[in-house]
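Each of the next two complexes has subunit A plus one more chain, namely subunit B in the first and subunit C in the second.
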Partner chain A sequence: MGSTVPGGYAGKILRVDLSTERIWTEELTPEVCRTYVGGAGLGAKILWEEVPPEVGWDHPDNRLIMATGPFAGLPIWGTGGLTVVTRGAMTNGATNTQANGFFGANLKHSGYDAIVIQGRASRWVYLYIYDDTVELRDATPLLGKDTWETQQALEQLLHLSGHQLSVYSSGVAGENQVRFAAIAGDYGHVASKNGCGAVMGNKRLKAVAIVRGTKGLRVADPRGLMLAAEEIADDLKYDPSTRSLYEYGTLPGVMNLLRLGALPIKNYTTNVAPPGVDLDKWTAPGLRNGFPHRGYQCNACGMHHCHTQVLPAGPHQGELVDEPEYEGWSAGWAMGCTDPVAVAWLNTQIDRACVDVNEFGWLAGWVMECQEKGYITKEQLGGLELRWGDVEAANRLLQMIIRREGFGDLLAEGVKRAAERLGGPAAECAIYTLVGNTPRGHDHRARWEELLDTCTGSSGTLDSGPPVRHTEWGLPARFSTFDPEAVARVVGVTRGRRHFEDSLGACIFTTRTYMATLCRALNAVTGWDFTKEEAMRCGRRTAALLRAFNVRCGITPDLERPSKRYGSVPVDGPAKGQDISKHWEHMLDVWYETVGYDRRTGKPLPATLRELGLEHLIPALWGSEEAAHARR
Partner chain B sequence: MKVLRITPDRCTGCMRCELACSYMQTGTFQPAKSVIRVSPFEAYASYAPYTCPQCAEAWCLTACPVEAITVSPVGAKVVLDDVCVGCKLCTIACPYGTIFYNAETGKAFKCNLCDGQPACAEACPTQAIEYVEAETHDWLGAFAAERAARHLTTLASA
Partner chain C sequence: MPDAEPRTPVTGEVEIEAVAWISRFVGGDGSSRKVFREPWQPGDTVRSVLQRFSARYPELHRALWDASGNNLGEHIEVLVNDAVLGIHHTLDSPVQAGDRLSLIGQYMGG
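Our next item is the complex of A and B:
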C-alpha cells in the first residue's frame, strides 16, 4: 500500500459516488504530493479539474473534498484536522475551510489522505470508514439530531468512545441546506465557511464517521521529525508573538481587539464597551478561569488552547460546553451581549445547530438593530422580540433559521441575500461582502489588512489571515493598519503562506513558526528538499487555482468590495474617523500588482500562471485574450 | 527504580504518547500498536493514559507457561519473542489489561520502558506521564473510580 508515495502520506484518495453508492480508491502519485502537498492544495486541484462552471454548489456533480495532509496523524502539534474544499453555497465559488480535532489522524491511520464525495444519495446516509471497510449506511435514525447528538448516537451504535471515533456532520442546518451551514465534529471543531454544510446536506450525507484506523504511517526521517516538532513547539511556547496563543488560545483577542477598536460591538454601531461591563471577566485568564475547565486538545497538541468548560451560573448552570474561540466571544459582542456565561452557552448552541458562528453573529446583530429601529417588525419575526444581548432570543432565532421556519427561511440565506431581499434602510445596516460571504469576527474598519483580504479572498473568507513571521519575506516587522499602501503590499506578499499551511494537515495556530522551520518538518516527513521559497510558491499555486476557479464561476472583481456598513467609518473608539473607502481603489491596484493578477478581469496573469507551473490553465482562462494581453 | 508516573488529571487526550510509543514498537506511527493507551472518561470530557505499571508481583510473568517474560536491566517486564508461543495466558492474567497480543507476529507485547528512555514521557506535552524515581502504583484507580461514578450518577439522574 502506498509504497511509492513519500513518507507521511497514506497514499490513497477515497472516492465516493453517492448517486450510485459506488466506493473506490485512487492512488496518490509522488508528483501530485510534491506539487500540491495535500489539504487545500490537493482540494484546489480536484475542484478545478472536476467542477466545471455549470455545476453550481447544489448540483450533484459538485465535489465535497475532505482532505488532510502529510502532517496529519504524526506527532507534530495540532495535526488531526481536515480541510474542506468544495463549491460553496454562500459565494457559489471556491471554499477552503478547516476544522481540527481527530478526523485527519483517524483518516490517515485508516489508510486515506482525502475523501472526495460526489453525487447525491437517494436516501439519507452516513459514511462509515474503518481501515478497508468503507460503507454508506442508513442515516434515518440520525435525522433531526444536532452535531453533538449525532456523534453520541454513533458512539452508542458502534460501541466506541472518545477519539476512537471521529464524527463530522452538518446538523439540522445542513439537512435544511441553510446557506451558511457548517461541518462540525469532535465536540467543538468546525469547518465553518462558505456553506460547506449546505453542500453536505444537499448530497443527503448526514455524517462522516471514521474509526481510528490500525495502519501505520512511515516517515522519511523520524528523528528529524521529532526534532522539528520540538522546534515548532518551542517556538510556540517561548516566542513573544505566540506565547499568549500557547497559554490561552484565542481568548486574549477580545481585550486586545477592544483596545484597537477592532472588536465588533452591536453590529458595527459602536466600538466602545458599554458602561458597567466588567472587563476583568473578558481578559484571557478571566475567560479561562471564570469557568470550571479541562484541556481538550487535538491530535498530538501541547497548546493550552482548546478546552471544555462547565457553565458556572445562569439558566443553563452545569451544562458542559466547548470553550468558545475568539470568534464565538466576538459574535456575542456583535449581538451586544457582554456576559461571558451567556455567550459561552450560545456558542455551543451554534456549533450544535451547525452554522458559521460569524455569519450568525452578523445576522442576529443585524436583526437586533433592525428591530430596534423598526426596519424589521416583531410580526415579521413571528412574535419574536430580539433585543440587544438577549441570547435566549438569539437561540430561538437560530432554531427558526436551521428549520427554515417563518422569517427564518429568509435569514437562512445569509446576511447578504436577506438584506438584498428586504432592501431599504435595513439593507444599509447589514455587514457582508458583495461576493456573498461575511467577515470573520472583527471590526475590519480598524483592521484594514483583513478587510482587503476578506473582499479579495477566493475561499468564502479571508485568504491570507493576519501576517505571521512576515519579516521572512523582507516586509517590515510593524506597519500601520491604516496605511493603505503598506497594508495592500503585506496582504499581497504574504498571500500563499496560509494556503501552504492549510495543505500540511496541521492547525494554523500550531504552524505559527518560520516557513523554514515548517519546511524542515516537511522534509523530515517526506524526504523532500523544500525551501521556504518552494513552499511559498506551492501556496501561491493553490491561491491562484482557487482564484481561477472563482473567475471561471463568474465571480468578478466588481464584487470585491464591502457592503455599505462593512466599509463605513467608525463613529467612536480608537479607530474613529478612519475611512478606508477613500483608499479602496488604490489598495486594490497595489494588491493586484503584488499578487500578479489582472486588475480588470481578476484572472491570474499568464506570467503568474507560468511561474507557478499552472500554464495548463492559460487556455481555459485566457484563450485568445492571452496574445491581446501581451500586447497591452 | 524509575517508573512511569501517571498524573491523569493533566491529560488532555491529545494521544501524542500513543504515536511516540507506536513508533518505538513498530518503526511507524501506528497507535493501534501502542502499548500505552489513552481512555476517555465521563463520555469524552476527560482522558487519561495507562500502561503497564511494572508490578512487583507480575502476574503476566507468573502466568507464562514457557517463561517468556523476564525482567530487563531497567526493571521492565519484557517479552522474549523467541520464547513466547503466543498462548495469550499473560493477557488474561494481567489485572490492568496492559499486555497485548499481536495477531500478525503471534506474540505478546507490552511496555518495555523503551530500555530506560520512555518515548511516551518525552512526547507528553503536559507532563501527565513522567519517568521518575518512585514506588510504582495503580495511578489510574482513584481517578477512574471517581470519573466512572460521576458518569453513572449522571446516567441515573437522566
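Our next item is the complex of A and C:
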C-alpha cells in the first residue's frame, strides 16, 4: 500500500502495455487523489494527458482506463464499481461509463486504484490480477464465448466462484469491434456506453479477471465512516423517492414514464400503450413478483435492486436471466414488445452478446419500423422478418450484428452511421444525436432536460441524468420539463454532480443522497475536509476536462443536436404537441452561459478553467485566441 | 390515457389517481393504482384540490409538497387529464368537476 495516499486509496495505478506485454505500477500522489478523487475524474485526467487528437478510438495508443475510487471495497452500499474512461467508438470522443458488481472491490483489495491499458496485443489475451501477480494470459480458448460463458470458463479454470472472482469482458461483439460493444461482467453489470467494448476488442483484450485480493484498506475515521454509511442507507430507505429505488431498483420507471409520455414506444411513433396490455404486470411489484427471483447484490449493498430471475413461461421457460434494469424493459417497448417475460429473456441475450442495450433497442425498433414501411426489405436482412414485438427475430438480428454478418455489418456501426448510409426516408426514422450516440431508454421529447443533457454531454451519453437533490443548489424543487429556460438552467447548474459520484467508486443509485452526506463519508474515509461546493467543483473539473478533450478531437457545438426523429413532436400521449425544436437555440444559449463554456467553439472559457484549477489547459485549448476572447 | 379504466361520469367530484408506487402513500401496495373522488368546490384549483386531499394522508402530504406546503416538492409528478402539469394547467389553474389529477412517482432510473 502506498503510505502517503489518504485513506480509501490503494495508492497504485496498474499500467499494462499490450503491444510490449510490459506491466508496471505507478504511485498515486495525494495531490492527484484530492484534485480528481478517482473513477471518472482520474480517468479524465489520464485521457487528456495521454490521448492526443490524432489517436482515434481504434489506435493502439488509445487508453482503456478502468478506475475505481476511494469508496470501492468499503462498507458503503454498492461499492464494487468501476468506471471506464476511454476515447469511444460511437462519438470518437470521451467516454465515461459505469458498471458495478465486485470488480472495483476486488481490484482495490489487490492493491490498485485503477488499470490503464494501452497498446494492442499481437494475440488474444486476458488480463489476470491477483495481488502482485499480474499476467497477460492466452485467451484463445475464450474466443467466441459470450460474457457469461467467459466468466464461467475462467471460474472453472481458476477454481474460483462468486465474489472471489470478477470477470469483465466484451463478448463476441467486442471481438468483432461492433461499434456499440460494451464491457460487461459479474453476470449482468454493464459499462455500456460509447463503444468501450469495441476499444477493448480492438486491443485484442478478451477479458480482465480479478481475484479478490488480500490487501486491507485503511480509512481515516472508521467510526465516522460507519455513521456516514448508515446515514446514506437511511436516506435511501426513507426518502419518498429513493425508497422506491431501495425496494425495487429502477423497476418503477416503466409505469412512471409511461404515464408521463416518456416511455419510448415503437421507435417514438406513439406514446400510448396498445390496447389490451395488462399494465399491472409492468408496475414494480408486477415485474418483480411476476418471476421467481432472488437478490443478487453488489459489493456491500443492502438495496433490493439487482436480482436474478427465472423465466416462468414461454419458449425459454426455466432459463436464468438477469432482472432487467429500466433501460432493458424500455428497450423492449421501443421494439413494440409488451410481454415482460419476452423482454427479460432478450435483455440477457443483449448483455451476453455485450452491446449497449439502448443502442440495440433503437436499432431494432428502427429496423422494425423501416421494414413495416418498406424502407428496409426482407431481402436486405437476409430473409429475416422483423415485426414489432418479435424478440426472437430481434435476437437473430442481434446475432447477425455481433458477428457482422450480412446487413448486420452495417447495423454494427450503430444507428447514426447505418441511417446515414441508407439515407432517404429510413434515415428520417432514426433516433440519435449528431455527435453519434443515442439516448437512454426514454422518450426525451417528454423529458427535455435529458434531451439537452444527451446532446451536450461529453461522455458519449448524458452527463448529468435526472436531477438529484437539486434543491441543495438553490434550484426549485419542481420545474416544468417543457420550460426551456428552467430546464437549461437546471441541467447547467447540476452539471458536475454525476461526475463527482462517478469518481467515488460507488454505484450511482446508492449515491442518490445529499452531496453534503457524500462528503461526510468521503471525509471519514480520507481525512479530508471536502464541502459540497468543493465536491461540485471537482465534478465540474472532470466535466470540463472531458469537454476539452472532445473539443480537441473536433467535436464541435454544431453537432449538439438531435436527429429529426429524436427531436420531433409527440403525436399523442401526455406530451402531445410539445416541440423542443423551436426552443433549442435558446436552451443552448442558457446552458452555455450557465456552465461557463464558449457558445461558438464549445470550449470551457478561460475563466471557467481557472476557477476549476485547469489553467494548464488554456494554452492548448485557447492559445492566442485567449486574448482575442477576452476582448470580445 | 394509457392505463385508464373507462371513465365514469363524475358529478361534483374531481378524480384523484395515485399511480403505482404513489399508491403506497395512500394505503396501497405500490402495484396498480388507487382512485379517489374528491368533492369539487367552486373556485377549486389544482393546488386547492390536492392540498385538501393530501391533508388526509400525511405520508403523501410530505412527499407531494415542499417545506412551505404550498408548492410541489421534488418527489411526485402531477398530470391533469393525462397531460403533464405545465402544458395546459399550472397549480393555480381552475379545475372542473370530472377532471382527473394523477400522481406519479419521480423517475429514479439511470
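Methods note: the second predicted complex is superposed on the first by the 632 of 632 C-alpha atoms of A that agree within 3 Å, B and C clash if a C-alpha of one lies under 4 Å from a C-alpha of the other, contacts with A are read in each partner's own complex, and residues count from 1 in each chain.
The working rule: a contact is a pair of C-beta atoms (placed from the backbone, for glycine too) under 8 Å apart; a residue touches a chain by one contact, two chains touch by 3 or more.
What you are looking at is a predicted structure, and each value in this text was computed from that prediction instead of being measured.
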item	value
Side-by-side fit of subunit B and subunit C on subunit A, or clash	fit
Subunit B, subunit C and vertex subunit A (Cα centres) - angle in steps of 10°	90
Contact breadth on subunit A, by residue count: subunit C or subunit B	C
Partner chain(s) touched by A:109 [first = subunit B, second = subunit C, both, neither]	first
Which superposed partner A:301 touches (first subunit B, second subunit C, both, neither)	first
Partner chain in contact with A:120 - subunit B first, subunit C second, else both or neither	neither
Touched partner set for A:316, first subunit B, second subunit C, both or neither	neither
Partner chain(s) touched by A:241 [first = subunit B, second = subunit C, both, neither]	second
First (subunit B), second (subunit C), both or neither touched by A:163	first
Least Cα gap, in Å, left between subunit B and subunit C after the two complexes are fitted on chain A	20
Residues on subunit A engaged by subunit C in the complex (per definition of touch)	239-242, 244-245, 247-248, 250, 252-253, 255-262, 272-273, 279-280, 283-286, 325-327, 440, 446-447, 465-467, 469-471, 476-478, 480-483, 508-509, 512, 573-578
Partner subunit A, residues of subunit B touching it in the complex	12-16, 19-20, 22-23, 26-33, 38-40, 43-47, 123, 125-126
Subunit C residues touching subunit A - in the complex, by the definition given at the top	1-3, 19-21, 25, 29-32, 59, 62-63, 66, 71-77, 79, 82-87, 102, 104-110
Touch list for subunit A against partner subunit B, complex	73-75, 77, 102, 105, 109, 152, 155, 161-163, 187, 212-219, 222, 233, 294-302, 308, 320
